[in-house]
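Input: structures, listed below.
Okay, so subunit A shows up in both of these, paired with subunit B first and subunit C after.
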Partner chain A sequence: MAGITIDGVRKVYPNGFQAIEDLSLNIPDGELVVLVGPSGCGKSTLLRMIAGLETISDGDISIGGRIVNRLEPGERDIAMVFQNYALYPHMTIFDNLAYGLRNRKTPKAEIKQRVEEAVQMLGIAHLLDRKPRQMSGGQRQRVAMGRAIVREPSVFLFDEPLSNLDAKLRVQMRVEIKRLQRQLKTTSVYVTHDQLEAMTLADTLVVMNAGRIEQAGTPMELYSNPATVFVATFIGSPAMNMLPGIVADGFFRVEGDAAGIQPMSLRGVANGPVILGVRPEHLQVGPAIGAGLSGRLHVISSEPIGAETLVYCEGPGSDPLILRAAGEATHRPGDMVDVFAPADRLHLFDTETGEAKPRLTAVQTVMATGPQPVT
Partner chain B sequence: MQTKRVTFRHVWLPYLLCLPQLAVTLIFFIWPAGEAIVESFYQTNAFGTSLRFVGLANFQRLFSDPSYYASIRVSVIFALATSALAMTLSLLFAAVADRIVRGTNAYRTFLIWPYAVAPAVAGVLWMFLFNPSIGIAAYALEMVGIDFNATISPNSAMALIIVAAAWKQISYNFLFFLAGLQAIPNSVYEAAAIDGAGPVKRFFTIVLPLLSPTTFFLLVVNMVYAFFDTFAVVHATTQGGPGQATSILVYKVWKDGFVGLDLGGSAAQSVVLMAMVAALTVIQFRYIERRVEY
Partner chain C sequence: MVENRRLLDILGHVLMLFAVALVVFPVWVAFVASTQDPAALMSGTVPLLPGDRLIQNYSEMLGTGMASAGAPPILLMLGNSLIMAVGIAVGKIVISLLAAYAIVYFRFPFRTLIFWTIFITLMLPVEVRILPTYDVVASLGMLDNYSGLILPVIASATATFLFRQFFMTVPEELCEAARIDGAGPLKFFWDILLPLSRTNIAALFVILFIYGWNQYLWPLIVTTSENLYTIVMGIQRLVTVADAEPHWNLVMATTVMAMLPPILIIVLMQRLFVQGLVETEK
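Right, the complex of A and B next:
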């Protein structure tokens, strides 16, 4: 078993494009780390550098304390599950699973035993004699998993392994991957686009953007305390509402037309432009209860999706303000709604750098005595 | 891959477009083939003035002629060696090129050029290279102590026509091998690399099996080429000699017919050759059409 240390790693492709810039990350032994980020941010590049499929331009990657920069993929004691599964088309499932073991001169009897254990674990024991093209996508996915686990490597690498499956199968496999990883306690790096996959699987969630790590932490840490505007809008669906505004004279006011959002008393924050963020689930319909952000908004549309209803309201900017209401909520376009978000649910970000400012406390937003500012 | 279906406005247009090809096939293939079949049952006298129906006598004579079996043996050796050489080299080149060009196809254009060279020209080219008095290849061989003289040594002569014939076929094979290699997804190689297979092992356990449909197809094509399409190569270089050492079947047909003036016997040989082509073609369609299993 082995942890992974990534130390000051850079990747410059032969065409001069810098896909990863000075990235460091420590992955403790047995942990499942999920890399998320927009397309092209360098997730696969990083994973492939760990695998040895891409050279490392600068910095070091070590697995289990051993620097692997110069080792061939086969020597790194890793296994990888590819998005397109990359099964060997001309081999039976048994041979697909046995290939890596045979290359390592594992005794025949042991190969047989390990392959059988793996297929039992994955419920594909009845498919051993089939060729990959005689199987469904879900079954191939299991074989790809099987090929990784028979080897009993010290690291699993997954590059969007579930993105070719339908929604239901994806959920099922996600649960299974989590279970297998818990059971085998193998250090894993998992790349995905899918937020839900990221949130549910990760011990540590790493949000990447343009070749850098924006933030790493537990999924709940990233959800509750996003370090940047990027992370705040990337984690959570629908995304956090962002209200650019200005702090002046102890008040926060949204920029331009307020569209019904009240100025909010705000002490302890330097004057100047800020971005205020509030998640749709933290904007409640109803009157202000205590300190926080409140307003009276114009409903544009509402989307009932069963357990909840997404209500789109006219916001100060071009983007609508989204709020999550109860499933039975009946807000119709044209209605006016009172909304409120308590102070401890608000996020403040620096307009320039996009970095988060310290979280607000109720005390900071309690109405100052004195004249109410006029909107 | 799906081919686009073209719709013609006039019913006769497609037929018109096929006409030139049909005409060529008819005039240069079907008609002479028919003539050959007919002629194989007749015997012409030495002056070409009389025709006599002899039934299967030409064939009987053919199959009791030791020099015909010698020619078959020469042809088989030649065809196998040519196919083996052409395919091995082209696979090697394709494997190298595949590493470089994955994605681009600029190189492909260059590598097809030898295919456009006429067989006779290719033959002459190689003949000069291996000419004992002026050829640079013969000179190089002499430097390493190999005496290469295609006009005296049967083995040299055989080697010469094999090299000349194979060279011409390499570019054709190369294209198919390259296409076959490029059809193998990168991730499969990568998975194998992660599974601990080095480049050589990957080649033999992944690449070669995945190329087997291509290889089989090319084997048939190369055999057909070596058996039936190499007259010009032989004619331009060794002319079947020394002795009968390089007198492959197609060459013997011509020589017996037009030099030996045994038209009936030559026609019978043509018919046998035709039967062989037909057999190979059937094999090709039977096995390739239903895609080699993997």
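Right, the complex of A and C next:
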């Protein structure tokens, strides 16, 4: 058992491309950390540096307090599950699982026992004599997991292990991975770009962008308090609605054509441009109750998806404003709806840096008594 | 329509049978000739049915050879050819496997340059290299022994190229998985790459064995002792016997026997590589 410390790590590929810039992250023992981010942001690169499959250009990575920069992958006490499983095609499942142990000169009897335990755990005991090509994708996935488990490493590394499976199997395996990780309490780093996978698996969720960490925290922290516009739009689906606007004279007004959004009283925020974010699930249909953002919007389309209905309304910019309504909601294109989001559900971001400003309180947005601003 | 299809079927089969006959005919003639007595072949018409001297002809050639033509017993020459062909095939495969492994899996300076240098040697015909090679072999004292027969032809750009292409189709993750499983470069090569190359190795072995078996020019140049004559050289010697009609029946018996080992190799190896091809694994 061992935690991982990544300290000021950089990766410059031989062609001069800097994939990771000065990245630091501490992963406590036994925790499951999920790395998410858009394609090409350096998730796999980081994972492969931990594994020892890529050299580290600068900085240190230590596992269990031991700096591993110069160690071969085989000496780092890690196991990795690959996206395409990378099972040895000519070996039976037993041999696939046993290979790593044999290389470590584990006694035969112990290998047998450990392999048997692992296949029991994964429900593939009946497949031991098969070759990888004689199995389904889901079964191969399990074997790949098994190969990691039998080694009893101090760290599991997963690089999009479920992305080759169909949706149903993916959910099933996701639950299974979570269960196994809880049971084995092995420190794990898991790369994915499936949001749902990221949110459900992670003890700590790390959002990466262009070789940097945008934000790290529990999934709910990232959801409730995104530190940047990037994280705000990356976590949550549909993405958070973003309204660029201006703060002046104690009011927030959206930029350009307001499209029915009311100016909002806003105190304690410096004058100037800001971006206001509100999640679709926090934009309710109905009259304003208390302080917050309100408006009357034009419905463009609505998508009932069973438990809820996504309503697309005309927004101030080119993007529609999306709101989540109840499953039975019957908003038609052309309808006008009153919408409202309470103040404590709103997010303010700096237009320049994209960084979040302190969350609003109801007091800041309570309408000052007196004449209403003319729109 | 159905009638038409039948007609086409028949036509197709006739055509194929004809093609097969065309290929088999010379072999048949050789076999028939090897069973005749010498007189039957002098008459000018080639018999099409086997004669009665099968056992006599073959045992004569196998045991005593034909001293008048300067040919040692065939058994000896078959043995020499076998040693040479297996030596060449195995040697070429081992060397090119290692070379391709180095080129694909290791980063070292001038890697690409080295590969292309190897590749370019493909463009040089054997005849161009033969004099300098002879010189080298002679000064190394390898004339007139097996190493002289085998070693100079043991490097193979073709095989290196083929293995390189194959290794490049093996997913990189396999190598990475093996590294994580604690396998060093040699272990990965031995435990994973080699078993995966089985099919390729079998196919190449057949091709290279036949190539080695059919070597003519090189053995002719580096051997002077009768004990090292190969079967292909032997056939040539039997044919160019001075001042007399060649004994065609015996020449043909030798030829038929020279054909057998390659055929045997194909039949034996075929099972291996067809099986390999069917269960494509990777």
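As a working rule, the second predicted complex is superposed on the first by the 375 of 375 C-alpha atoms of A that agree within 3 Å, B and C clash if a C-alpha of one lies under 4 Å from a C-alpha of the other, contacts with A are read in each partner's own complex, and residues count from 1 in each chain.
By definition in this document, a contact is a pair of C-beta atoms (placed from the backbone, for glycine too) under 8 Å apart; a residue touches a chain by one contact, two chains touch by 3 or more.
All figures in this text were calculated on a predicted structure; none of them were measured in a lab.
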| item | value |
| --- | --- |
| Overlay on subunit A: subunit C relative to subunit B, clash or fit | clash |
| Touched partner set for A:Y13, first subunit B, second subunit C, both or neither | neither |
| First (subunit B), second (subunit C), both or neither touched by A:I78 | both |
| Partner chain in contact with A:H90 - subunit B first, subunit C second, else both or neither | both |
| Touched partner set for A:R104, first subunit B, second subunit C, both or neither | both |
| On subunit A, positions contacted by subunit B and by subunit C | 51-53, 72-75, 78-80, 82, 84, 86-90, 99-100, 103-104, 131, 147, 151 |
| Subunit A to subunit C touching residues, read off their complex | 51-53, 72-75, 78-80, 82, 84, 86-90, 99-100, 103-104, 131-133, 147, 151 |
| Subunit B-touching residues of subunit A, taken from the complex the two chains share | 51-53, 72-75, 78-80, 82-84, 86-90, 99-100, 103-104, 131, 147, 151 |
| Of all residues in subunit B, those that touch subunit A in their complex | 185, 187-188, 190-198, 201, 205-206, 209-210, 212, 294 |
| Touching residues (chain side subunit C, partner subunit A) in the complex | 171, 173-174, 176-184, 187, 191-192, 195-196, 198, 279-282 |
